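The letters A, B and C name the chains in turn, as written, and every chain counts its residues from 1.
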Amino acid sequence: MNAQLRAEQVTVSFGAVKALDDVSISVSPGGIHAVIGPNGAGKSTLFNVLSGVYPVTSGTVVFADLDVTKSRPHKLVRAGLARTYQNIVLGHVTVEEAILLGRHHLTRAGFLRCALRTPGARAEAKAARQSVHHLAEMLGLADSLHRIATELPYGDQKRVELARALAAEPEVLLLDEPVAGMNGHEKDEMTELLATIHARGDTTMVLVEHDMRMVLSLATHCTVLDFGRVIADGSPAYVASHPEVLRAYLGSAHAPREVTP
Amino acid sequence: MTTIDQTTSRPTQAVIRGVALALIGVAVCVAPLYLDTFWLRTGLTVASAAVGAIGLTILVGTTGQLSFAHPFLMAGAAVTYVTLADNPVNTAHLGLGLPPAAAAVLAIFAAGALGLAASPLASRLSGIYLGIATLSLVFIGQHILENWTAASGGFFGRPVPPMSLFGLSLADSPTPPVLLGVPLQREELLWYLSAAVIVVAWIAGRNVVHSRVGRSLAAVRDSEVLAATNGVNVRSAKRGAYIASSMFAGAAGVLFALTTGSVAPETFNLGLAISFLAMVVVGGLGSVAGACMGAAFIAGLPLLLQEFSDQLPLIVQTGEAGGMQASTATSYLAGALIVLCMLFEPRGLVGLATRGRSLATRALRRTRILTSRATHN
Amino acid sequence: MSHLTSLLLNGLSTGAVYALIALGLVLIYKCSQVVSFTHGTLVLLGAYLVGTMDDASGFIVALLIAVPVAAGFAGSINLTLLSRRAGAPPVSLAILTIGIDLVVLSVLTQQLGSNVLNISHPWGETRWDLGVASMSANRGIALLMVAAVAVSLYLIFTRSPWGLAMRAVSEDTEAAALMGLSRTTITTLSWATAGALACIAGMFMAGPPTPGVTTTVAVVALRAFPALIIGGLDSLRGAIVGGLLIGVAESLAAGYQHELQFMGSGFAEIVPFLLMLGVLVARPSGLFGSREMTRV
């Protein structure tokens, strides 16, 4: 059974500003849960809370059996939680290396074994590489494995970022704006890809997205944030016709302050 | 675009690399038979610096943690070695009379232990914060050494007992071992030891950088948050990098002590810390080969300038007036090179080499394409 | 009692000089996220400039020329070198300042050699008698100077347009751009201000009770780094508190050196660094520095 991710009455304050105000969200296993809302609604903050990066001012967040607010992020990854970032950081490495980072918690070799390249460490590294190659195959990155990640087209970089998160074999995958900055064609491709991945495994997905079209076609459940509060929660169809949601989407255009990794 | 042409160039590259390594290996082995003491000493100094620089480049270049603590760690290892290896009967200082080889290994671990002791700082602080914190270790280390004269020898330092391996003392002797008719004295023997240590340090350093661990360290450098959400325990990664780097510094410290033949607290100062930074920056941050090139340049240059000062413009012998001392000239150059690297080629000498190589490959490919077109037409 | 009082007073006044240097470092950090390892040398440069012009033109003229020259020099370091790499990783920028430091320090070492340059402060060797204790006028004036600088920085930051822009830059580049000030302008101004403060600090540092301008000045100035860290990298208030704290700790350790004999001779010189390590272990962001938002 998939691990459960749940936040209850979470408030996050930056000084006088409440980025999240009494937000509760429950991600049901196996679904695709979309978090939507206008810029500055607190979506990124929520993601940072869910992935253990931001401390909460009050409230509880639980993943599997872990208290997320007290666990360091790498422990959450080990428990089956992975995430992507809207602003991609790939570093000056090959695509293969970038994706291999996702295998970190599934491999063991430490300083000494790496320095000595013990047979165990080599076998482990080889296996990790193989699984990365499989993943790259699936995501259409097989031809780019040995290219420098940051030199790929933007859409491909997004897929590298996704591959890295998938390499961790998560039970719950947090996707921070997976199609932001893409053109229409790329968006369709990515949507299809996510649907395929979801259909193939039993990965629970949580995604933050602006693109309503994508959300409506993909999500099984929607939570709408505005000014740090949940204004609607339910099926995509229910949310899309919710009057408060329409008002929030039509009526606001304040500048975003996105969190970079 | 940096694509690696897998079909043709990889095997060719491997062959070229193999031949080059073999040539270098042979050169290193026969060098002491032909070089005079000055060149051997320069080589030894560079070797010890290179071992330390490999450790520092893993910390600063790969992990993105600034550190000035290298002299402190080197001093710790050097003094540990001397104290453990010195004969308690003959010395005026502390001495435990351990076999030198055991003392050297323990000294490297002692440096690692110092690194471990610093881990409350090394694991929690990032980048510049750690840099400033380690600034204090240099001053505190010097203070301890200056005051704990029984171990360090105080201001004048203390002589270093020679290394001894498998019953062979690496020191001058009236009946030296002979290789191809050349008697192997202290410098020659130390040369082989240093070469062995460098090879080990190089391989270990490269292996770490290109491994699971190296990847996690690079991720920490690029973004701690990113590393953590990809399953990297950021604190233990930083702690590990610091301890590993400390042990390289320890090995460098022991080699340094053996090479100079005496340890004095004064040597392990802030200037040395900055020299090490210069080495890893000039060579190319995060590159093991770069660290060695940087070490050759920064550690070798003052010795060369000093030796050939009478043939060089501007440079004068220590104590002479009317020109520049070798050490000052090196400072100028090191500073200027750091600035140039940081402004124009953050990957240092290695970056320049890569650029040169890719230019050459591109030119080669272009001619190939042109010739193939010509034949098709 | 009067021994302790005079130690405290002297500590505060030494600390005032560290505070001046640390204030400059904080200004630079707030505006450009650069920690300037060139700063110890800028302090020496300031002292050197005053010292060389002092003989020919007298102290006041020398100071009036030296401060703007030092400010201009520091500003031009930013304009010609650092601003070209704006946005690079902080460690790279710090290393760049180390490179600059090596070059400038080599020039100064070459010029100074082992000479001692004297600065003819108008207050000379005068000591102020404050009843319970006395202090050198030089250090007393430094203390007053810090108070004046602190007040004017406070006013500049809260009242003047470029102070506001500076705050805007440290928080948000776009807001500053809206105010018509480029990031480069702001960071260059902060470097220039820091250069001027370093020059003034150097002038005080090379005065009584220390002998004139020697290369040691650059080393002593490094003790501003503990002050900076103890206060918190981005806190002006922290720089002042940190500076004074360091000064007092150093002065007490020197004053009670007999009682502290077991810590070894010259212990006072490393007290600032020990203090810094203590603070870092307990509070990694210093006493007043803003904390890291994210946890890893």
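The rule is simple: a contact is a pair of C-beta atoms (placed from the backbone, for glycine too) under 8 Å apart; a residue touches a chain by one contact, two chains touch by 3 or more.
All values reported here derive from a predicted model rather than from experimental measurement.
Undergrad: Per-chain Cα mean versus the mean over all protein Cα atoms: which chain has them closest together?
TA: Of the chains present, the most centrally placed is B.
Undergrad: With respect to inter-chain C-beta contacts, which pair, A-B or A-C, contains the greater number?
TA: A-B
Undergrad: Taking each chain's centre as the mean position of its Cα atoms, how many Å separate subunit B from subunit C?
TA: Roughly 33 Å, centre to centre.
Undergrad: Can you check how far apart subunit A and subunit B are, centre to centre, with Cα atoms defining each centre and the answer in Å?
TA: Chain centroid spacing, subunit A to subunit B, equals 41 Å.
Undergrad: Taking the mean of the C-alpha atoms as each chain's centre, how many Å separate subunit A from subunit C?
TA: The computed centroid separation for subunit A versus subunit C comes out at 45 Å.
Undergrad: Going by the touch rule set out above, which residues of subunit C reach two or more other chains?
TA: In subunit C, the residues touching two or more other chains are 294, 296.
Undergrad: Hunt down the residues of subunit B that sit against at least two other chains at once, touch-wise.
TA: Counting only residues that touch two or more other chains, subunit B contributes 221, 225, 227-228, 234.
Undergrad: Quick check: what residues of subunit A touch more than one other chain, meaning two or more?
TA: Residues 52-53, 72-74 of subunit A each touch two or more of the other chains.
Undergrad: If we count contacts the way the header does, which residues on subunit B are in touch with subunit A in the complex?
TA: So the residues of subunit B touching subunit A come out as 1-4, 6, 204-205, 207-208, 211-216, 218-219, 221-223, 225-234, 240, 243-244.
Undergrad: Provide the residue numbers of subunit B that touch subunit C in the complex, in ascending order.
TA: 60, 64-66, 120-121, 124-125, 127-129, 131-133, 135-136, 139-140, 143-144, 146-148, 221, 224-225, 227-228, 234-235, 270, 274, 277-278, 281, 324, 328, 331-332, 334-339, 341-343, 346
Undergrad: Subunit B touches which residues of subunit A in the complex?
TA: Against subunit B, subunit A makes touches at 51-53, 72-74, 76-78, 82-83, 85, 89, 91, 93, 97, 100-105, 107, 109-111, 114-117, 121, 124-125, 128, 146-148, 151, 164, 168, 260-261.
Undergrad: Using the touch definition from the top, list the residues of subunit C that touch subunit B in their complex.
TA: 35, 81, 84-85, 88-96, 98-106, 109-110, 219, 222, 225-226, 228-229, 233, 264-267, 269-270, 273-274, 276-277, 280-281, 284, 294, 296
Undergrad: What residues on subunit A touch subunit C, complex-wise?
TA: Residue positions touching the partner: 14, 48, 52-55, 72-74.
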